[in-house]
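Two complexes, one shared chain (chain A), two partners (chain B, chain C).
Right after this comes the complex of A and B.
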C-alpha cells in the first residue's frame, strides 16, 4: 500500500511539470501585448521597452519559463501587471471562494447524483429509472450559465428569496446566514452537471454490480435489502468517487461563466478579468494553481480508490 | 401437459420428505420470448440423501436448483407447481420469509468461486455477516464461529484467512470459503450448483470429498447439479437425468449408471470419455437439444432418439416404474408387473 502511494506520488511529478510548461506556453501563444494594455496609447516606445525589460518579457521564452518556474518553486507567482499587487494575494482569496463554491456544488451534485443513479439502477426499467434518466440528461445538456440566469430570474427577481450576486457583504465566504444564502444559487447551478454525470455513472455501476454472481450468493445466504445495498454501495463507491473527484477538478477551473453570471469572487472571475486585461502573471499563476489542484485531486481519488477496493493497489 | 405423477421413491406413508417438488414449471418471460426452462419436474428428497441432477448445459438443472430456494431472477421468472422444503411452501412464502429460510434451512454453493464472493469485502466479513443475519450473537462470537467454519472446511491458518480478500485466495480456497458460508447455520438442505466445474482436476476431487464428508457428518440432504458423470458417481445416492427441462430417468446411482433405461440416459452415459479409448472415435448423441422457446410435442428427446415410435410424439410420456425405486419417462419401458 505504501509502495503504491509513493509510486502514485512520483507519477504526479512529471505530470505537474508538463502541465506547468503547457500553461506557460499557452499564455504566450495567445495574441495581444500585455504592456500595451497597461500604458497610455501615446507612450514612447523606449518606455514600453523599459517596462517590457522590467517584466522580463524581452528574454527568449525558454529563459522566461526557467525564471518563472524558479520563482514559482519558491512560492512566488509574480506581480499582477494590471494591479501591481502580488498575484498570490488576489489568487488565494479567489481560490478560497471557488473552493467553497465547488465543494458545495459537488456535495449537492454527488448526493443527489448517487440518489438518482442508485434508485434508477436498483429499479431498472421502472418509471423512476426513466424519470431520473430524463433529469440526468437534461442536467447534462443545459448550459449552466443559462440555468444560472434562469434561477436568478425566478428566485431573486420574481420571488426575491435569494440574493443574485456576490458572495456576501464583505466579498468573501463565511458560515453565517447571509453568506450561506449567497452560495445557494451558484452552487445549485454548478451542481447540475456533476449530478447528471454521477447519476449516470452510479446507475450503470449499480446495474452491473446487481448482475454479478455474488449478489445471487448474498440473496442465497438470506441477506435482506439493506445487507445487499451495503455490498452494492461499497462496490460502486470507488467509481462514483473517481467521477466526483474529476468533477470537483472541473468545477475548480471550469466555472468561469457561472462565476461571471453570479459575480462570484472566485478564480473564474479572476481569470475572466485577467484575460481581458492581458494580465499574463495572473493568468499563468491561476491556471498553474488550478492545474496543480486537478493533479492533486486525481492523486487523492486514486488513493481513495485503492483504500476502498483492495484490488486496485495490486495492479 | 400430462397430469403430475409422483415418482414417489420415498414411501408416501412416511412423514413429509425434506424436499417435495411436484409438477414444477419454470418459464423466463421477456418481451421477445418465453423460455420454457423447466417443464414438469417431480422429485422427493429424504433428509441426509444426496440427489445428483445430471444433464447437459441448458437442460434446466441449475434453474431447478435455484427454484428450490426461489433464487431465479424475480421479475422475469414464472413458477408453477409446488415446492416444499423442510415444511415450508417455497412458492407462496413472502420474500421476507424466504430470506429467513435461505442460508439457515437451505444453502447453496455456486459454480464460480471467482465471482460469487464480493471482491471488496474480506472473507471474514462475508462469513460473519451471514452468521449475524441469522443468529442473535455478538460480533466476537460470530468471529469465533467463522474461524471454526474455516477449520471445518479445512482451510489452513484459518484465523489469518479471515482478513484475506477473495482475490488473495486460490480457486479451491475460495470454494471452501463458499462452502463455509453455506454451512453457517448447519442447513438441513445443501444445494450445490456444479461446485467443482470451475476448478482444477486435483482440486475438484478434494472439494468433492470434503462435500461428501461434510454432508455425512452434518446429515444434510443435498441436491448436487453436475454434467460430470464421474462426479455424480462419486457423490450421489440417487441420480436424476434431466433433458429439456424434464427428468427423464431417476434411480439409485449404481443401478442407473450400470444400466440406464431411457435412450437419452444411455446416450449420455455412452458418450463418456475414459481411459482406454485412445484412437477410437468418440461416441456422441446425434442432433442438438431442442429450442426451449418452442419445445417439440411429446417426448422432447424423440427427434434425436434412435428408437422413437409414433407414441413418443403423441404426448409427453408418463413415469414408468420398471423396478422399484427407478422411474423412467419412456414409452418403450414397461412397468414392473
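Right after this comes the complex of A and C.
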C-alpha cells in the first residue's frame, strides 16, 4: 500500500511540471509582444528593451520557465495587466466562490445521480431504468449554459422565485437565505452533467455487483432486500466517489460558461474578463491554479480509492 | 464537460476487437441499426438538419445579415418571421439555418482532424510498444491533467477569437482521448493469434498494420469519435458563447445565444431557439453514436 501511495505521488510530480509548462507556454502562443500590452504605444525602443530585460524576457525560454516556476512556487503569479493588482489577490476570492458553487453542484449531482443510477440498476429493463437512461442521456447532451438560461427564464423571469445573477452580497460568503437562494440556479445547472455521469456509472456498478456470486449467496441465506442493498452500496461506493471526485475537478474547470450565464463571481468570470482584456497573466494564473487543483484532486481520488478498496493498489 | 464520460464509454468498447471481416458482419450491423428505432429517428433528424443547413440559401426566407430596427425581437409566429426576429431585427429562422453551417463545421471539424491525428499516434503507440509507446502515452497524460473545457478556453483565450483558433484549440483537446482509445484497441489486436501468424508467415510491419491491424481498430475508433461530436458541438458553441469562436455578425448558434441573452426578459422563447438547436444536434449525435456502438458490438 505504501509503495502504491509513493508511486502515485511520484507520478504526479512530472505531470504537475508538464502542466505548468503548458500554462507557461500560454503567454508565448498568445499573438503579440507581451511587453506591448503593458507599455504605451509610443514608448522609446530602449525603454522597451530595458523592460524586456527587467522581466527576463530576453533570456532563453527554458531559463524563463525556470524563473517563472520559481516565482510561482513562492506564490507569486504575477501582476494583472488590467488592474495592476497581484493576480493572486483576485484569484483567491474567485477560487473560493467557484469552489463553493462546484461543491454544491457536486453534492446535488452525486445524490441524484446515485439515486437515479441505483434505482435504474436495481430494476434493470423496467420503465424506471429506461426513464433514468433518458434523463442521463439528456443530461450529458444539454449545453449547460443553455439550461442555465432556460432555468432563469422559468424561475426568475416567469415565476420570479429565484435571483438570476450574482452570488449575493460580497460573493458566496454566507449561509443566510439570500446567499442560498442565489446558489440554487447555478448549482442545479452545473449539477446536470455530473448527475448524468454518476447515474450511468452507478447503474453499471449496481448491475455488475448484483450479478456476483456473493449476492446470490446472501439472498440464498435469506437476507432481506435492505441487507442486500447495504452490501451493494458498500461495493459501489468507492467507484461512485471516485467519479464524483473527478467531476468536482471538471466542474471547477468547466464552470466558466455557467458562471458567465449567472454572473457568478468565480474563476469563470475572472477568466472571461481576462480573455476580453487580453490580460494574459490572469488567464495564465487562473488556468494554472485550476489545473493544479485538478491534478491534486486526481491524486487524492486515486489514493482514497486505494484506501477504501485495497484491491486497487494491487493492480 | 462530459468528455470524460465519453472517454469512459469509449474505453468500454475497446476492450475487445472486432473479428476480421466475417462475411455478413456489415449486413448484421445494418440489420441491427435498421431495427433500432431511436437511432434511426435521431439519424433522420440529423440528416434533415444537414440538408436544411446545406440548402439554407434556397430555404431561408430572408437575408441572414439584413435586419431592421422596426422588426426587433418579434415573437415566434409573427407573419413573415415564423420563428421571430433577433435583437437587430434579423429573421431567426434564416439565421438558425445559416448558423447551423458554422456550428456544425465548428463541431465536426475538430473531431475529424483529431481522429486522424489521434488514430495515427495511438495506433503507432499501440503497435510499436516500448519507448515510443511510453513517450506518446505520457504526453497524452499531460493533456488529461486539464479539464477539457478549461483547456479549450485556455488555448483559444490565449490565441484570441476566431474560427480557426477555436478549431485548433478543440482539436488539441480531442487528440489525447482518441490516442488513448486507439492505443488501447491496437494493443489488444497486436497480441492476437492472427497477427502472430501473419508475422510468422513473413509479413512485414507495414503489411500487418495495413491488413491485420487497421481493419480491426478503425471501427472502434470511428465509433468513439462519433461520440465526441456531441461534446464538440456543445464546447464549440460554448466558445462562441464566450466570444472566443465566431465573431459578430456571423450567424452561429453559440454566438446567437450569447447576443440574444439580454433579451430573455422580452422574448424568452426566441432566445432559447439557438440553444435548442445545439442540444438537438448534440443529443442526436450521442444517440446515433450509442446506436452504432451497440450495432457494431458483436458480443450483443
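Here, the second predicted complex is superposed on the first by the 282 of 315 C-alpha atoms of A that agree within 3 Å, B and C clash if a C-alpha of one lies under 4 Å from a C-alpha of the other, contacts with A are read in each partner's own complex, and residues count from 1 in each chain.
Criterion: a contact is a pair of C-beta atoms (placed from the backbone, for glycine too) under 8 Å apart; a residue touches a chain by one contact, two chains touch by 3 or more.
Source: prediction; values computed, not measured.
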Combined model on chain A: chain C and chain B, fit or clash: fit
Contacts of A:223 with chain B and chain C, given as first, second, both or neither: first
Which superposed partner A:308 touches (first chain B, second chain C, both, neither): first
Chain B versus chain C as contact partner of A:260, first or second or both or neither: second
Spatial angle chain C-chain A-chain B, Cα centroids [nearest 10 degrees]: 80
Contact breadth on chain A, by residue count: chain C or chain B: C
Which superposed partner A:29 touches (first chain B, second chain C, both, neither): second
First (chain B), second (chain C), both or neither touched by A:208: neither
After fitting on chain A: smallest Cα gap, chain B-chain C, Å: 13
Where chain A meets both chain C and chain B, residue numbers: none
Chain A residues within the chain B interface of the complex: 212-214, 216-224, 227, 231, 234-235, 308-311, 314
In the complex with chain A, residue positions of chain B that touch it: 69, 71, 96, 99-104, 107-108, 110, 112, 115-121, 129-130, 133-134, 165, 167, 178, 181-182, 184
Partner chain C, residues of chain A touching it in the complex: 14-16, 18-19, 22-23, 26-27, 29-31, 137-138, 140-146, 149-150, 152-153, 157-158, 193, 196-197, 200-201, 246, 249-250, 252-254, 256-257, 260-261, 271-272, 274-276, 278, 280, 283, 287, 290-291, 294-295, 298
For the chain C and chain A complex, residues of the former touching the latter: 1-2, 4-5, 8-9, 138, 141-143, 145-150, 153-155, 157-160, 230, 234, 237-238, 241-244, 257, 261, 264-265, 268, 271-272, 275-276, 278-279, 282-283, 286-287, 290
